[in-house]
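Consider the two complexes below, in which chain A is the common component and chain B and chain C are the respective partners.
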Partner chain A sequence: MTSKLAWKNIWRNKTRSLVFIIAAILGFAMALFTLNTMKSISQQRLSDAINIQTSYIQIHKAGFMEDREINFTIPDAENVMAKVKAMPGIEIVSKRISCNAVVASPENNIACEIKGVMPQEENEISVLKDFLVEGEALNNNQNSPILVSKRTAERLKLKVRSKVVVTIKASNGEITGGSFRVAGIFVTPSTPYDESTVIARYNDLQELSRIDEPHELVIKVTDPNKVIEVQMAIQNQLTNQYQVNDWKYLLPELFAFDGFINMVGMLFTIIIIIGLGFSLMNTMNMIVQERTKELGMLRAIGQGKWSVFRMLLKESGLMTFIGAAGGIVLGIGFISVASKHGISISEGLGFLGIRPIIYPTLHPGLLIMIIVLAIVLTVIISTFPASRALAIKPQEALRD
Partner chain B sequence: MKVIALNNVSKVYNPKGIAVTAVNDVSLAFDEGEFTAIVGASGSGKTTLLNMIGGIDMPTSGEVFVQNQKINELSEAKLTVFRRNNIGFVFQQYNLLPVLTAMENVEFVLEMQGNPKAERKQRAKELLTAIGLGNKLNERPGKLSGGQQQRVAVARALAHKPKFIIADEPTANLDSKSAADLLEMMQELNRKDGITFIFSTHDQRVVEKAKRVIVFEDGKVKEDVSYTK
Partner chain C sequence: MKQLIKLAWRNIWRKRKRSVIAIVSVAFAVIISVSLRSLMLGNYDKIIEAGVKSTGHIQIHAVNYWKDKSINDLINKDGELPNILQNIRGIKKIMPRLQNNALGAGENTSKGVMVNGFLPHVENSFTKLSNRLVKGTFIRDTSTTILISEGLAKYLKISVNDTLVLIGQGYHANIAAGKYIIQGIVKLPNPQMNLMNVFMPLQVAQDFSTAQGLISAYMIEVENDDATKAIKSKLNSELNNSYEVMTWDEMMPEIRNSERIDTIIFTMLASCLYLIIGMGLIGTILMMALERRKEFGILQAIGLQKTQIQLVIVIETLLLGLVGIISAFAVAIPFVLYMNAHEIPLTGDSGKSFVAMGVEPVLQLGVKPHLFVLMALIVFSIMLVASLFPVLFVKRLKTSEAIK
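Then we have the complex of A and B:
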């Protein structure tokens, strides 16, 4: 009966209860939508960076990450690759050459990083081919092919099949150059990557740089949730002259941004919850104030004070439950619509690696967090007004 | 047989630090099956006295015994249980729960005692029918007249079969017909079921029906007269 009474009491003042419930529905919906959108942005950024640039794990010669010297190649790379390929949790391993270069066309030139990749393996590791807007991916049938970004193509006034000259410092210290032909033009979500990277074939770049071994081994794992275990297992198999790093080390700014964006989302949610908390507290204070005499009567006829307390908690709990349930349904609705049609955001966020259209997805962990926050909100916030009911003395309440 | 006894009971309030004596060294006893009116001017201490008998308020000094149990020494929790199981209250303002129907208001007390649903529904229906509200079972208090609301309040007070009904000015807000009907009903319950009624009143019509009249003045018993009716 106390549950029934609590339910009926909510609707004694429909306007007041509805104001809170609507505020809660909107608040929870916005919190859920915002948190999931931000998480989706963050995950999309990480996913793009991992799948286009670094993959999950890389092996370098110790010191390469600090100096990026042309001669800091991986000793005995073929044996290392064979050893790593045989380990559990490895999907594919490929090798890359990575060095600084100047790419020049008859119109202009730019300084950038040139990556020499194995076309076949790279197509399995990297999704760069999916971001080609013109031309085709690298293959072994082309003649000195190179992939450039659309930005680079615009700056150098290049088209597919245009010729460029790549100049690098070879392993013997000499400055050397080679001619390449644009095979494809790509546009990734990351402007910095587009502006600073061109891709050539491993063998072409090896010939130009005159190095025998690659600078990095790029590893795709079968289970992205087990990257750390795989990374440690690889490191344990290799000597200290090899450095094994996961994507968090290779993409520190993205990892930090992920933490930052999670924190911003959490802060936003907490602000909403605090606002709802004050609204609920105000509502419950008014309820206790208005019904002091009635609560006193209930105490007089034998209802225990904790029973009165629980009844008030049920009232606030029911209101929050309706608001939270409605908000979650609405929030999931928003996410569902946005995941189909996308949310168009400024293209200017490409410098952060954010795509111009975001497709948010629902993250169960965030949904659970919202539910937990709703429970915490009810219990903590409602306790204060409900505890005022504990202090009601029936003789005084009935006299007033 | 004396079922309620007050020995040298006083109640002093201290609102804003000024001591006000509401009940001053009162000793009274009530027999089982009494139909007693406590009369007196506003502020004479009638309600305070009823509250102390009913275990709603505690005396500043003195002792209150109900069925040989010294209730002014009970803990708050035990006193709540005592009220729930032994006393029925009827208030001047009816104090029904406005969101519940007449049936539910009566049932509520039975649920507090832990009675099964079917049993409490049957009891509530019986009581309301017995007091002439069989056709108003599912009406909320707002749809009932003052007299009907007070009848529901009496039914609520009777629901758990208490030994005592304490009523604070039960007819104060009723028209004369409703007041007469209510009194007749209370008298019948007193006669038939032997329920002890103690009520405060200003109403001369109520006083005339009482078997015993205690006149209160300035927190003291001025007169205590019993009648054979």
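Then we have the complex of A and C:
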């Protein structure tokens, strides 16, 4: 009964209601679009970093992450790998050597991290091969191959098949060097990764660094949503001298950035809804003022004061609902257009790992957040003017 | 006119609650957008300041040096260049630098480092590197000892009086190698830089890289920041094309790029906000006029011109905006000034993401007068648009019908 009345009331003053509804539609649509775009940027950075660099879970010797000492290798690695492989939820496990090096060509030299990887397993774990712009991925037939980024290749003036000398500090403390041939050149979305990483074969690097065991076991899980469970299960299988971490630990900045984006998104939504709240408050105020007499009459003919209050809340709720629903439809429309054509954001954000063109997708979590915030704020905001109706005394309101 | 303003002022307070909400909504939008933008711009001021301290306002290199930073693309420290630079007005100081990459090794660990050769007594008054000393003492031009950054010291587990071994490649493919005693440790604000820098006297660096008399850059401090571009083009015309002249924002394009993305985010948020607040205001002011249909009719009947009524409405609307802006400024100006004087350190996740972007994790608002002007202009334009509807309404109003 009150709902029907509320609906009819909205259309008594079409101009006023429409102005509010249009504001709400535009507000919700833009909020939804902006938030999803930002979230998509953050998600793209994360998934690129996981797929190219860290994968989902890594095992190190406890203390390696802090000190990165060349001798902090994983004890009994083969056994650990076999154990992990036998566990459920694991897609593939591979080993890596990781140490700091200077890579030099006759032209120039750079300091970076060199990773020694198992060619076959690595190609299943990392999508780096998809980012090769020249040459080919590592395989077992090449002669001391190395992958460098385009950026590094330019700085060292390298081409595919060029020779470079890699200098590292071996496990016995000696500084030692070995020569490698460029097999492929890659460009990933992340400039810092490109500038600081070269990749060689596990066996070649093992020979050079004279270590017996790997520094890092990299694990790809079958279900990314169950990373924490798998990580816990692995840690339970192993003693304390092994440290098992998921990507949140391995990529702390990106994980933190994702949290930061969530916070910004929440703030953004609250600001927009408060802005809308002012309009809503004014509209409701006018309604109560204009209809004092009418509300008094309703009370006089036997409506309870809470039923009048409910009717007013429903009226503002309905208006916001129409605005929000329209806004969400419009916002999703924006997003789907943008996801087809892409939004070109500024070039040169590679230093943050952000791709130059972003294809936003709809994140249901954000949609729910917007809806919940909208409901909570609408109720709070419209309670003030509506509560004035509670104070209406029928006999006074009807007097003049 | 005075009469009309008085009338408009009184009209505003006839519906006190409604006007207060309208004013508060304007103030809200202005306060939020001014604070947010001040925060962003304040942060960029810090980033730029730190950036310029590390690169100087302008650098001169051998042509194409910056792209590859090759140790083979060097310029002569003495010779024609210093003379030319000394004769250009607006240059405060020139500072020679020799940069090279190397592998730095401590007891058990090693790490890629950037070796910076510089003249401590010349550069220090500009970069204020000695203020960043956290341990040990500062080096002199003639020292044979070095400074390393704090993060690097921690990583390599070495400290003052320990030895750092550096290995790399010198000029013309010579092997660069040396052992150096650490005299001091400096903490650099940029966390990435803090992990990888070694500072040594220019002569020592030239010996290390076998680059006698050569430098990779002349760093230039200008007297007045705004003259940077002008001095660059002057340099370009004076120097032949074996040199490249770059300003700080050309050397660090990421600063401008991330500023641009922040501007986009801010513009989106601010336009959302003003759009919504603006619609609310339009609605409110339109209602104000519609309600007063009869009143307008009577005013006309007693002899007021339509233009006078319209003027009252416009004044009313603008006054509403003005009061909103004044109350917003009354809150925002002290707030921004206070937050400019007191920076907030950021901790936790958001702090980490700042660090990851190479930014010191503190929040400090910048004082930007143009921002206040811009916001005031936006509010006035919204108010003008809002007053358009009632003005049109009055124009179409027929006295005889209105007073019925």
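Following the convention adopted for this analysis, the second predicted complex is superposed on the first by the 397 of 400 C-alpha atoms of A that agree within 3 Å, B and C clash if a C-alpha of one lies under 4 Å from a C-alpha of the other, contacts with A are read in each partner's own complex, and residues count from 1 in each chain.
The rule is simple: contacts are C-beta pairs under 8 Å (C-beta built on N, C-alpha and C of every residue); 3 or more make two chains touch, one makes a residue touch a chain.
None of the values given here were measured: they were computed from a predicted structure.
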Joint occupancy of chain A by chain B and chain C, clash or fit: fit
Touched partner set for A:P75, first chain B, second chain C, both or neither: neither
First (chain B), second (chain C), both or neither touched by A:A23: second
Which of chain B and chain C A:I272 touches, first, second, both or neither: second
First, second, both or neither for A:G63, with chain B first and chain C second: neither
Per-residue touch tally on chain A - higher for chain B or for chain C: C
Which superposed partner A:P224 touches (first chain B, second chain C, both, neither): neither
Computed vertex angle (chain A) for partners chain B and chain C, CA, steps of 10°: 90
First, second, both or neither for A:P88, with chain B first and chain C second: neither
Partner chain(s) touched by A:G333 [first = chain B, second = chain C, both, neither]: neither
Minimum Cα separation, chain C to chain B, after superposition on A (Å): 14
Residues of chain A that lie at the interface with chain B and also at the interface with chain C: none
In the complex, chain C residues that touch chain A: 17-18, 21-22, 24-25, 28-29, 32, 67-72, 101-103, 105, 108-114, 155, 157, 165, 167-169, 173, 196, 253-254, 257-258, 260-261, 264-265, 268-269, 271-273, 275-277, 279-280, 282-284, 286-287, 290, 349-353, 355-357
Interfacial residue positions of chain B with respect to chain A in the complex: 47, 51, 54, 56-57, 76-77, 80-81, 83-85, 89, 91, 93, 95, 97-100, 104, 107-109, 111-112, 156
Complex interface listing, chain A residues touching chain C: 15-16, 19-20, 22-24, 26-27, 30-31, 34, 38, 67-71, 99-102, 104, 106-113, 154-155, 157, 167-169, 173, 175, 196, 252-257, 259-260, 263, 268, 271-272, 274-276, 278-279, 281-283, 285-286, 345-349, 351-352
Chain A residues touching chain B - in the complex, by the definition given at the top: 1, 4-5, 8-9, 11-12, 293-294, 297, 299-305, 307, 394-395, 398-399
